[in-house]
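Labels run A, B, C and D following the written order; every chain starts at residue 1.
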Amino acid sequence: MSETIGFIGLGNMGRPMAINLLKAGYNLQVYNRDESKTQDLVEAGARRGARPRDVVNHGSIVITMLANDEALEAVTLGNDGLLAHLGPGGIHLSMSTVSPAMARKMQQLHEQQDCAYVAAPVFGRPEAAAARQLWIAVAGKPEGKQRVRRILDTLGQGQFDFGEEAANANVVKISGNFMLAAAMEAMGEAFTLGEKNGIERSKMYELFTQTLFACPAYQSYGKRIAEKNFEPVGFTMQLALKDVNLVLDAAKEVQSPMPFASHLSNRLLSGLARGRADRDWSELSRGILDDAGIE
Amino acid sequence: MSETIGFIGLGNMGRPMAINLLKAGYNLQVYNRDESKTQDLVEAGARRGARPRDVVNHGSIVITMLANDEALEAVTLGNDGLLAHLGPGGIHLSMSTVSPAMARKMQQLHEQQDCAYVAAPVFGRPEAAAARQLWIAVAGKPEGKQRVRRILDTLGQGQFDFGEEAANANVVKISGNFMLAAAMEAMGEAFTLGEKNGIERSKMYELFTQTLFACPAYQSYGKRIAEKNFEPVGFTMQLALKDVNLVLDAAKEVQSPMPFASHLSNRLLSGLARGRADRDWSELSRGILDDAGIE
Amino acid sequence: MSETIGFIGLGNMGRPMAINLLKAGYNLQVYNRDESKTQDLVEAGARRGARPRDVVNHGSIVITMLANDEALEAVTLGNDGLLAHLGPGGIHLSMSTVSPAMARKMQQLHEQQDCAYVAAPVFGRPEAAAARQLWIAVAGKPEGKQRVRRILDTLGQGQFDFGEEAANANVVKISGNFMLAAAMEAMGEAFTLGEKNGIERSKMYELFTQTLFACPAYQSYGKRIAEKNFEPVGFTMQLALKDVNLVLDAAKEVQSPMPFASHLSNRLLSGLARGRADRDWSELSRGILDDAGIE
Amino acid sequence: MSETIGFIGLGNMGRPMAINLLKAGYNLQVYNRDESKTQDLVEAGARRGARPRDVVNHGSIVITMLANDEALEAVTLGNDGLLAHLGPGGIHLSMSTVSPAMARKMQQLHEQQDCAYVAAPVFGRPEAAAARQLWIAVAGKPEGKQRVRRILDTLGQGQFDFGEEAANANVVKISGNFMLAAAMEAMGEAFTLGEKNGIERSKMYELFTQTLFACPAYQSYGKRIAEKNFEPVGFTMQLALKDVNLVLDAAKEVQSPMPFASHLSNRLLSGLARGRADRDWSELSRGILDDAGIE
């Protein structure tokens, strides 16, 4: 249990994950662009690095949990980046939601250095991260996946393997976000139809989420949509739009038309145009109310 | 338990429901347009009527389980219809998936005769009907609902009350079918994006239906969509299109735009145009494969 | 020129058409539900009838110009209706925008009475009707069309023949309204994209309507959309929605998916939901501004 | 007339434009990546350069007519690029269809060098270029536009000025292509609805393009769509998809939802998925036929 791991990215998701690793007995070396966020981890026993390269040991494992493609490139490439210091046998366990294209590029760059790039994006909000209840999609070369298995067991409640192409784990991750947004739109349309007929939205919510749609996606987001109460903000409309657009970009690459995804892109874009960029993505359903002339 | 009930409509759904009522000790009087389908019920103890009116006792309960608006009108109105013979205090328990407009009209006609019209459309396939596992949306005047409660307990595993307007139960029912179709489209788009990236559709299915979407709607229809195996036919594309169009009609009445429903209407219509009217509605996902150039 | 014609329906369109027939020397017998609207025509020489049947001579021609299917049925069928009094050899020249299904039914009913039903819906606003500049789509049996040719020459600037099925002229007519609405949506989206980039909408309008789209549809509606000035009201959003829904109904009948028409149906429905039912249909483009967060 | 101009990009469009400039008396220095395409221009009096920089004179005008953003960057930037050699007072007249974002970047880079960047994308096919019948959208700083006015008069039949932001001319250009594609989709849906009703597509085409839509866009593309004859290829589906995606990218930047553009993106993407990348973009209407089950 005395293995030393690098951990880069201590945001809403990364922080609870890092804490769980410490608790499980791993030695952690952490880096965050905004250094102030590393304070409590250092107090809990982690070592802080000033640059990404400082938390990477030759041939060891480094985990990244970042906001987007640009952030991943920033900590990985260049002289201060992790890749130049990871060395043969090293593993970059990339858990961020990035584009499949970026994952593809990263995997190639790492393999040129005899490193492994394992994509392992997660499903779950910060609370799930803290409770070690994330679901994880994993993809990459077998040896790499083998070496990170125990770490992923520490972080989540289950792993699903999508083969050797790292990018595929990211395709699955953004597909999941697309499916969530589609479920929200469907509920929003149905509940609004009900409301206009004089039916309480919450009554419809109850029926559907106790029967056909008795699952976390519908139960958690449906409650917000039924009650038109989108607080607190978990995942913003702006980030949701980013992910739906990643889906559309990926769809373009492989020539796979996705009309629901296109609709959701417009729906979210309209939300941004109306000043809702920082609101919870479940508030995309307010667009349906706008269309229906409901305040 | 010696109460006598009329039961009209012995199709795939009505037949197992009628059998469950007999088993529970109710006396049944049954009518079906195609009389041959009443044979085994008669053998099991039901009395057969030659016309709808023949299975109705003054002031009692009559259940209808029919294919559409037209069939409901045909057995209800006119000289041979059930309504003219139901009498004050009688209850028409209408469990078919009909349009909200028809339910509204029916409720009015029944109340003019001092009868009650209780709408109680169901969620579930024939197997669920046989296993008394239907979910039921109920709406109508309180006295009526009170009197049919025990019957509905016999037929299903749970009831959800949507108030006094019978039509509202039908709004909920068709909204549910809309949400199911939307879930199928979303899965179809996501799995096809995956397939085009070289990901096994079934792997995506597994992740999603064990985690975020671990519920009957996704598990049952998702399996078909993942495997591209749409046999056996449970509910046809033609009937699904009918229901989605009922949703759009209801949406028009109350001025509630529903872009996902519109898309699904076109998707299903295209299925019909390609000769798939009698295929299972989950095969709407074949339209996505067509669009993506996959055989 | 002393031929006597019946004329039913003296609204915004019918009135100028009837006046043109009088000016051309036809004897007119007119009926309108609201009799006050017949006053000036009577002063100009027309004879007024109290019921539709009163303006029909055995074996002659009667023209109808009405708001919708219901109005056409009301003046045609029943004891006071025109059909019972038209007699063998009579011709019903139906110039209203009605559904293809209604035209089909009407043609059949007329032929059972040895009458001809000629569908001749028109393109053009009231000003065009007054100026005899309507464009007319004609369909029906050859003898009927032959006998109304001179009348149609009096009313419009050109006829286009769509064969023997009367309904087909109506398919063409509603298709035209669909194409107009689609052009408006396209301009609305393009001009709003321009506006958000700081481009004057009217500058874009100028380029497009002087070059690629130098035609009446784009020039007349485009001006309104560019200037966001939708006055005066020519054709209401409510009527436009009716016509787009006729298109979708016709599309359903022949299994022809029409995604643009579906979108326009939602766009117009949203307009109605926001209280714009009586506004000009070009104001459907305000929906795009709403989506884009522009007041 | 002895002014010397650089001209880069001698494809289907650039070649006839360059020839027209020679004919008008300009001295031309030409560059093309594939040098063989410069042969006949050299024979007609042009001087050939081996690198983009070789055709640029200090303080003079250089015209580019290229396929996309990447090609424009390739000839403009770097040591061999035109920008480093254009010098103060020089003008880059950029007539390609590129993204507004690229135009914005280019304008900035040029102004940092005291050069002018004038965007002047064109509407028209190669035949129109040869016949000097292009329509041109122009944007950039006034001095620059002033100096290229006579050149543009030589190349086209009309100019429309969109202000000082070069990118705006490109917004207008790609909006035009979007509007053309939307017109094609609308015609395709309408003609197919007609066909399924037994109406000849060409009859509908005749009515619409002689009346409401009597303009080049509908007349030229409508004929192909009516006749389902998409030969010869003018502008490919692949390039059309590129342009529609430029529209969607621009729409994203300014938060302007464009549902018709999204639909067209999917329609064209499906065309590519079915092997039609190199077919004429009017063949996007075959997607409607596919949806409608017509071979």
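We adopt the following convention: contacts are C-beta pairs under 8 Å (C-beta built on N, C-alpha and C of every residue); 3 or more make two chains touch, one makes a residue touch a chain.
Since this is a predicted model, take the numbers as computed values, not measurements.
Undergrad: Per the definition at the top, count C-beta pairs in contact and tell me whether B-C or A-B has more.
TA: By the number of C-beta pairs in contact, the winner is A-B.
Undergrad: Matching residue numbers in more than half of the contact pairs is the bar here; say which of A-C, C-D or B-C clears it relative to A-D.
TA: Of the listed pairs A-C, C-D or B-C, the one copying the A-D interface is B-C.
Undergrad: Any idea how many Å lie between the Cα centroids of subunit A and subunit B?
TA: Measuring from centre to centre gives 38 Å for this pair.
Undergrad: Distance from the CA centroid of subunit B to that of subunit D, rounded to the nearest Å?
TA: Going by mean C-alpha positions, subunit B sits 54 Å from subunit D.
Undergrad: Mind pulling the residue numbers of subunit C that touch at least two other chains?
TA: Correct list: 251, 255-259, 263, 266, 270, 273, 291-293.
Undergrad: So in the complex, the part of subunit A that touches subunit C is made up of which residues?
TA: Within the complex, subunit A touches subunit C at residues 266, 270, 273-275, 290-293.
Undergrad: Can you list the subunit A residues touching subunit D in their complex?
TA: 245, 251-252, 255-259, 262-263, 265-267, 269-270, 272-273
Undergrad: Quick check: in the complex, which residue numbers of subunit D touch subunit C?
TA: Residues in contact with subunit C: 100, 123, 135, 137, 158, 160-163, 165, 167-168, 171-172, 175-176, 178-180, 182-183, 185-187, 189-190, 192-194, 196-199, 203-204, 206-208, 210-218, 247, 250-251, 254-261, 263, 288, 291-293.
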